[in-house]
Structure formats: C-alpha cells, structure tokens
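Take a look at the structure below.
Chain nomenclature is as follows: A, B and C, assigned in order of appearance, with residue numbering initiated at 1 for each chain independently.
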Amino acid sequence: MRHSKASEVESRMSQQEHDVVLDQVSKNFGNIVAVDDVSLKVRRGSFLTLLGPSGCGKTTTLRLIGGLEFPTRGRILIKGQDVTDTPPYKRETNLVFQDFALFPHMNVLNNIGFGLRMRGVQKREVKEKVQEMLDLVELPDVTYRRTNQLSGGQRQRVALSRALILEPAVLLLDEPLGALDAKIRKQMQTELKNLQRKLSRTFISVTHDQEEAMTMSDEIAIMNNGHVEQVGPPHVVYERPVSRFVANFLGDCNLIEVEVVESRPERVVVREPRLGTFLFHPDRDWQNLRHQGNMLMMIRPENITIVEDHHSFPNKIGGRIKTLAFKGSITEYVVETSWTEIKLQVQGRSQLNQGDPVLIGWKAEDCYLIP
Amino acid sequence: MTSKYLASVLRKKLSDQKELVGLLPITGFEIFFYLVPLAFLLIISFWMTKDYQPVPIWNLQNYRFVFSDPLVRVAFFRSLIITLTTLVLTILVAYPFAYGMVFKVPPKYRQLILIAIIAPFWTNYLVRAYSWQLILGGNGVINHLLLNAGFVKTPLSILYTHIATRIGLLHFLVTVMVLNLYTTMDNIDRSLIEAASDLGAGPFKNFLWVTFPLTLHGLAVGTVFVFIFSFTDFIAPSVLGGGTKPIFSQKIVDAAHWTANYSLASALSMAMILVIGIFLLLIFRMVRAVMKEEK
Amino acid sequence: MKHLDRYLFYGYMAAVFVFLFLPIVTIIIFSFNVDKFASLPWRGFTLRWYQNLVFDTGILSSLENSLIVSTSVAVTSCVLGFMGAYSLSRRRFRFQDVFSGIMVSPMAVPWVILGLAMLVFLTRINLEGSLVSVWISHTVFGAPFAMLIIRARLSGLPVQYEEAGWDLGASRLRAIWHIVIPLTLPGIIAAFLLTFTLSFDEFLIAWFVCGFQATLPVKIWEMIRSGLNPTINALGSVIFLFSMALAIIASLLSGTGKRVAKK
C-alpha cells in the first residue's frame, strides 16, 4: 500500500476527527472473502453499529479493528496511527466478547483488574480502580465472587468494566445484548447508550438486530457479503436507503420498479405502466439526478394511508384488501392492486373488512427512489 | 517504501506460522532421539559386529542367520503360538466383561468400574509378573490349596512353563482389550438393538447379528495391541516362563546383552517388525472383507 | 428370571476382578509373612521385610535414581508436550494426522526394539550407560504421551479466553502463563503423574541403557534373578500402592470417569 502525499495529508487531518479509519481493508480466510475492500471512518466520541445478517463480515471487521485478525490488504488507523501490524495487546482498543469470555478461574476483581495488572499497576491501586468501576456500573458487591455465580446481566457489566477500566480509545462490542433476556435487553440498550454519552468515548458495536442498532447508534454501517452498503445516522439509512438490501434489512417496505419520466432537482416523476404515475419530492441531498431509466420506488408501510380526501395525496393506487391484522396500536393491511401487493400500516382499528375495495396513497416526500 | 511493505508482509506470514513454533522442540527431539536411532538400527542390521561395536561392513549374514537358524525358528514359532493362544484367551475373557460393563451395569457405577480396571493397569509390570510367581509356584497359593484339598499328590509345575507366561500376559492384556471394546460398545446406537428386537430378534440373535458386528472395529484394534504386546514382550516369558524354552524377544536380548552382537540383534528386531507388519496387514484385510460382506 | 442374565454378568465381572487383583493382594499379604518361602499356611506376621527395605543401600540408591529420572522425564515430557499440544490445538496444518501418528508411534513400537535402538545409538554418541540415557529414552515416549493428554484438555478450551487476554494487554506468552496454563492445569498434572508412573515402572528400556546406574525396576529384576527374596514382596507392595494411587488421581483429574458417568 503506497503512501501518497495526498493521503498523508488526509490522514493527518482526520487524526483530529476520526478515532478509527479503515482504508480499503480486505480479509480472506483461504478462499473465502470475509471482508471485501471496506473503507470506513468513525468519528471520535460516536456510537457506530455494524449491522447486517449472519456472515456479512461485521464480526470480522470488528476483530480486525481490535487486532484479533490481521487484514489481507489495506490499512487500519486508530487515532491517526497505523496499527495494521500492531498486535491486539498493543492497540488502544478493547473488546467485549459475545459470550463475555470472563476468565473462569478468576473472581470478578481479578477479571476486571487483569488488564491493569498486565500494565504493572500495584495491587492496591487495582483494587481501588476496580471498585470504582463496579460502582459506576452499579455492581458494588460482587468483587470477590466467581464469575459463574453471576447472572447474565451482571456478567455483561463485568465484561464491560473489564474493557472500560483500561480507558481505550475505542470500545468494541460483539453482539453485546445477544446473550441477554428480552426483558433486560431493552433496558440495557438505553444504559449502554447513556454510558457511551457519559464517557464520550468511541463505541463500535456489532449486531444483527436492526432495532437495537437504530436505538443505540449515532451512525449505522450496514454490511452485506463483506462490504459496507451504506453508512449514516439511523434516520438517514432508514428513510433514504441506497440499495434494495438496505431498504429491506431495516424494516418492512414496498418496492416497486418504476421508470423515470421526468427528473428535476425539486421534483421527479416516475411511471409504472400498470399502476400509474407517481410524484417524488427529493430533499437537498438527493444525488441520483443523473440516473435515468429504471429505479425502485420505496414506500414504508407507515407512510401509506387509506385515502379519504382525493386531493391531499398526489400518489394513489386503487385495490382490494387482501388481509388485515389488528396489532393493538396499529392495523396492518395487505392490499392487492392490479400489479403488486402493497403493505401499509394504519393507526388504531380499521373500519374496513377483507375484500373491500380501497384507495391508498402517500405523500410525495414520503417515498424514495433507489437505483 | 517497498522494503517497509515487504517487511510487513513477511511479518504477517511469520506471525501466522508463529503458532507452530511450539512444535519444534518435541519434533526435533523425536526426530533425533527416536527416528534416527530406529533408522540406525535398520542400517546396522546390514553391518557386522566386531569387538562389541557395529562396523560398516555391508552384508546379509545376519538375515541369513535369522531365517535359517533352527533355534531362531523354534523361538519364533513358540512366540507365535503363545501370542495366538493368548489372543484367543484375552478375547474370551475380556469380551463378556466389556459387554457386561456397557449393557448390564447401571451407568452410575461405570466410572467406578472403569477406575477399578485402570488402577492395576498402571502398576509395575515387572512386579506384577513376579507376584504371579507367588501364586503359581511350587509353594505358591494354588498348589498349596490343591495339595491341602487333596486334589493332587504332588505340586503342579505351572510356574516356569509358558502356561504361566500366558497367565501373566493375560493379566495385563485383559485391561487393554476391555478398554478398547468398551469404547466401541459404548458408541453403539442402542436404537439399532431395539429395532432388531422389535423386528423379532431374540437376545442371542440380536447379539450375533447386530451388536457383535458393530464391535468388530474395537475388537480389531484391541487384537492389534494384544498381538504386538504378546509377541514382543520379554518380561512375562522371562519371569514366569523360565529360561529353558526361549522365545523370540529373548533371542534379541541374548544377542544384545549376552553376546553383544548388535547387528544380529537388530536383524532379529527387523524380522520382528516384519512379522508384526504382516499381521497388521492380515487384520486390515480381514476387517475390510468383513465390512464388505456387511454391505 | 428376568434379572438372571444380569446377575450372571455381575458374577463373571466379579470373577475377573478377583483375577485382576489377585496378584496384587497376594503380594501385599505375603509381604507380612514371616515365612521365607511364599507359602501357606500362614506362619506369622512380621514387618521384617519392610525394615529390610529401609536399610538396603542397593534398593535405596536405585530408588533415588528412579525418582530423579522419573521426575526429570515427567518435567521434560510435560514441557515438550505442552508446547506441542498448544501449537497443535491452535493451528490446523496439512499432514497433521500423519504427524500425530508418528508422534504416538513410540507407544506402539515394541519396547525391546526401542531399548536396543536407544542402546546402539546412545553408545554411538557417548550418552550411554547413565541416568541421562534413561531420561532421554523415557522422554521419547513420555513427551508424545503428555502431548496427547494435554491436547485433549486444551481442545476443550475456547480460544476466546486467550483472545480476551491479548485484547486486555497480555502478550502471547503472558496470556499462556496467566490464562491457558491455569485452565489446563488438571490435564498438565494428569500428564505429569502418568508420565512419571510410566517412567518409574519401566524396566526393559532402562535395563538396556542404564549401565551401572540401576533404576528401581532394574534393581528388582536383579533381585528376582538372584533367587527368591521376600524383601521383594515388601518392595512390590509399596510400589503397587504408590502407582495405583497416582493412576487413580490422574484418572480423576483428566476426567476419564466424568465422561463415563455423564451418560
């Protein structure tokens, strides 16, 4: 990897802003490409989640940042320093393992204090710091317990403490909530987020749970088959996905193939031969102006509603209700149109029944076009 | 810049292989102190011995002696017979024991039985052979009981015959065979036996057609160990069998210890390895043939 | 009737146990017998033969030799074996099975041949006729054996614990010392005890290479050769109990029984 002048300048500049930089990183295991030419910049003090299905390379990427794997190609920089060849025990990262990996032959004190002891800190000071840490995560009484005597939630906090006590530049978390019961999970989501804010440290988390990612992250990087499809704040990736994969992964959506008829900065007209013509109002970040031909129109179910007043919605389709499901706060409909099925969500209870004809619609700002 | 790149590539390759470094000491040790001596032994079987030292005069004299000398031949056949009879005895004694252990004894006692079987296994083989002298000797336990009970008039001479040798070997090998059979038997899928039973096979037929064939693998492995051990053992025949009817391993020791004819001793050793090799081949063929028949 | 076959088997197994423990029990009983010849009826109880043990310099020096050699063998075997086991369990490589096969083969090669080979070779390099020769020869089969035992234990250890150690600042070696070894300790101790016992009891190879520095089994052989000597009974009994104790401890540590009991 040749180091050109331009990238040297760039890396010096990004030193100030980005704690982690991946530069065209690839990782192969034999013939299998786990991570494929990934470039990523993580801003200091932010909470980034690597999100994707099993096998997409997110865990490998995390381990690459932590130093437990070495890249086949590319560079990794942490706080501006090239750590590509640096072993994990010399990197300023710490990892909270998926199953916590708490040392079974040590009690809580020695587990949490392990890293400090490796640095040569004296026993008494280690004990003080561990106690402080335990108070911070609200586990003051478990100091001398063996790790197999703790509950799942307690073990997670011990694992967190063990990593955080070393004050790493970047904290890595591998499916941090995966081993917890559903009840505790929601609580922990907020707690983790608060902890990160309080410490203003960079956190990078890995998960396959999109709800978890959306709740906790400042930015989400969605991965598929070893490469990053999109990086951005939760609302951006949700409302303005760059690909079909991202749109589908983050929640239910309706995808309709359309043809671009007219394309201007503030208004795009598309057409689907059987369903009609539709209007899309892009916002100022809309990049795909030059893209002509076929695109995918995406509308999220919660943005579609049953039309009563013809004039309030520029986009309308007529159809028949195929199924409806009352879910308490919302009702989900599947409407069959002349070409495709459309899913929509409406607040409250419905007045309609299966088989009823219905007109559904959405606003021009509530849809999106994907190339 | 390129040198830095090359250095990092090299470092990566090395760190990948770094984990194998731990194998170097043991591999080096075994190569130098195990493989080399064996290879050297093979070489000197083609040499001659002068003044108690092997000298590199290449010849086939040693092998000619091994294959033609009548005493060697007698010792060989004696060893073979003892080995084969011991093998049969061991199987007969060990098999029902292993079977009982797996199929008849409640699981909670199995650990106990396993430990009880293993414990005597680890005792000093030499002392064990000697202890049989106390039992089998002219003044020993058995003769004493028989004389007192009036079953015999004069003491039986069991000791210093190869019957005693067989007993000594059996004592050690039963455990070996049981352990081998036990593992195989334990891994048998019980539902196969139940299925056979459901289809109408009585306990004996069930055993013959279902259980037994499934144990053949463990039986074969055990047989190999038993054969090798019995054929090559020196201690049991010497301590219990007496010196009058030498067996093959004793011939090797004679050549090495008493006459210091190392090249002859190594030729005899190679012949011993050859016999073992032939036996392994036979067993392998047999097992394969039986497996094919099953299909 | 239903349980008849079960009791038949129990009876048979008991008989086999009697057979197995008969010589052990016999020698222990006779070691207390006043009579010089191992014969019945019982003529009296004595501790004389055990007292002989303590005062016989030949026995004591060979015991000392055995202890020195066997401990050294156990240490060397465990060190070599641990290093090999660690590498094998952390890395896959081609020819691994062939390698393992060759490593285990010293246990399968007839020890009379192994003894001869060691004698001839060690003489050639002037390392023959001392305790060092015995130490080397015993390590030849001790190290692979220790490697086997430790490896079984190591493969059950998830690699995450080491990785956590590295992540927290421990270098490879420190992680091995602080994490891997403590968690593998039962296996290492079992390997130590078993290798020690194997070496302590081994006669044939030691006889070939030890020269005038007899180990205990060699001394016992000489005693047996020179005629019936009841001191052997006392010595044998002590050795028996010692070996069995070590083997039982090692068995429990390496979890042999546990796997069985779980079924």
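The rule is short, and it goes like this: a contact is a pair of C-beta atoms (placed from the backbone, for glycine too) under 8 Å apart; a residue touches a chain by one contact, two chains touch by 3 or more.
Keep in mind the model is a prediction, meaning the values are calculated, not measured.
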*Identifier of the chain whose CA centre is least distant from the whole-structure CA centre*: C
*asked:* By mean C-alpha position, what chain is farthest away from chain A?
replied: B
*Averaging only over C-alpha atoms, locate the centres of chain A and chain C and give their separation in whole Å.*
57
*When the C-alpha atoms of chain B and chain C are each averaged to a single point, how far apart are the two points in Å?*
17
*asked:* Rounded to a whole Å, what is the gap between the Cα centroids of chain A and chain B?
replied: 62
*Would you pick out the residues of chain C that each touch at least 2 other chains?*
none
_Where in chain A do residues touch at least two different other chains?_
87
*Which bits of chain C are touching chain B when the two form their complex?*
5-6, 9-10, 12-13, 16-17, 19-24, 26-27, 30, 37-41, 79-81, 83-84, 86-88, 90-91, 93, 99, 102-103, 106, 108-114, 116-122, 124, 136-137, 139-140, 143-144, 147, 172, 194, 197, 200-201, 203-204, 208, 217, 220-221, 224, 232-233, 235-236, 239-240, 243-244, 246-248, 251-252, 256-258, 260-261, 263
*asked:* Give the list of chain C residues in touch with chain A in this complex.
replied: 158, 160-161, 163-171, 174, 178-179, 182-183
*Considering the complex alone, what residue numbers of chain A touch chain C?*
66-68, 87-89, 93-95, 97, 99, 101, 103-105, 114-115, 118-119, 162-163, 166
*State the interface residues of chain B toward chain C in the complex, per the touch definition above.*
18-23, 25-27, 29-30, 33-38, 40-41, 44, 54, 93, 96-97, 99-101, 104-105, 107-108, 110-128, 130-135, 137, 139-141, 144-145, 148, 171, 174-175, 186, 203, 228, 231-235, 239, 249, 252-253, 256-257, 262, 265-266, 269, 272-273, 276
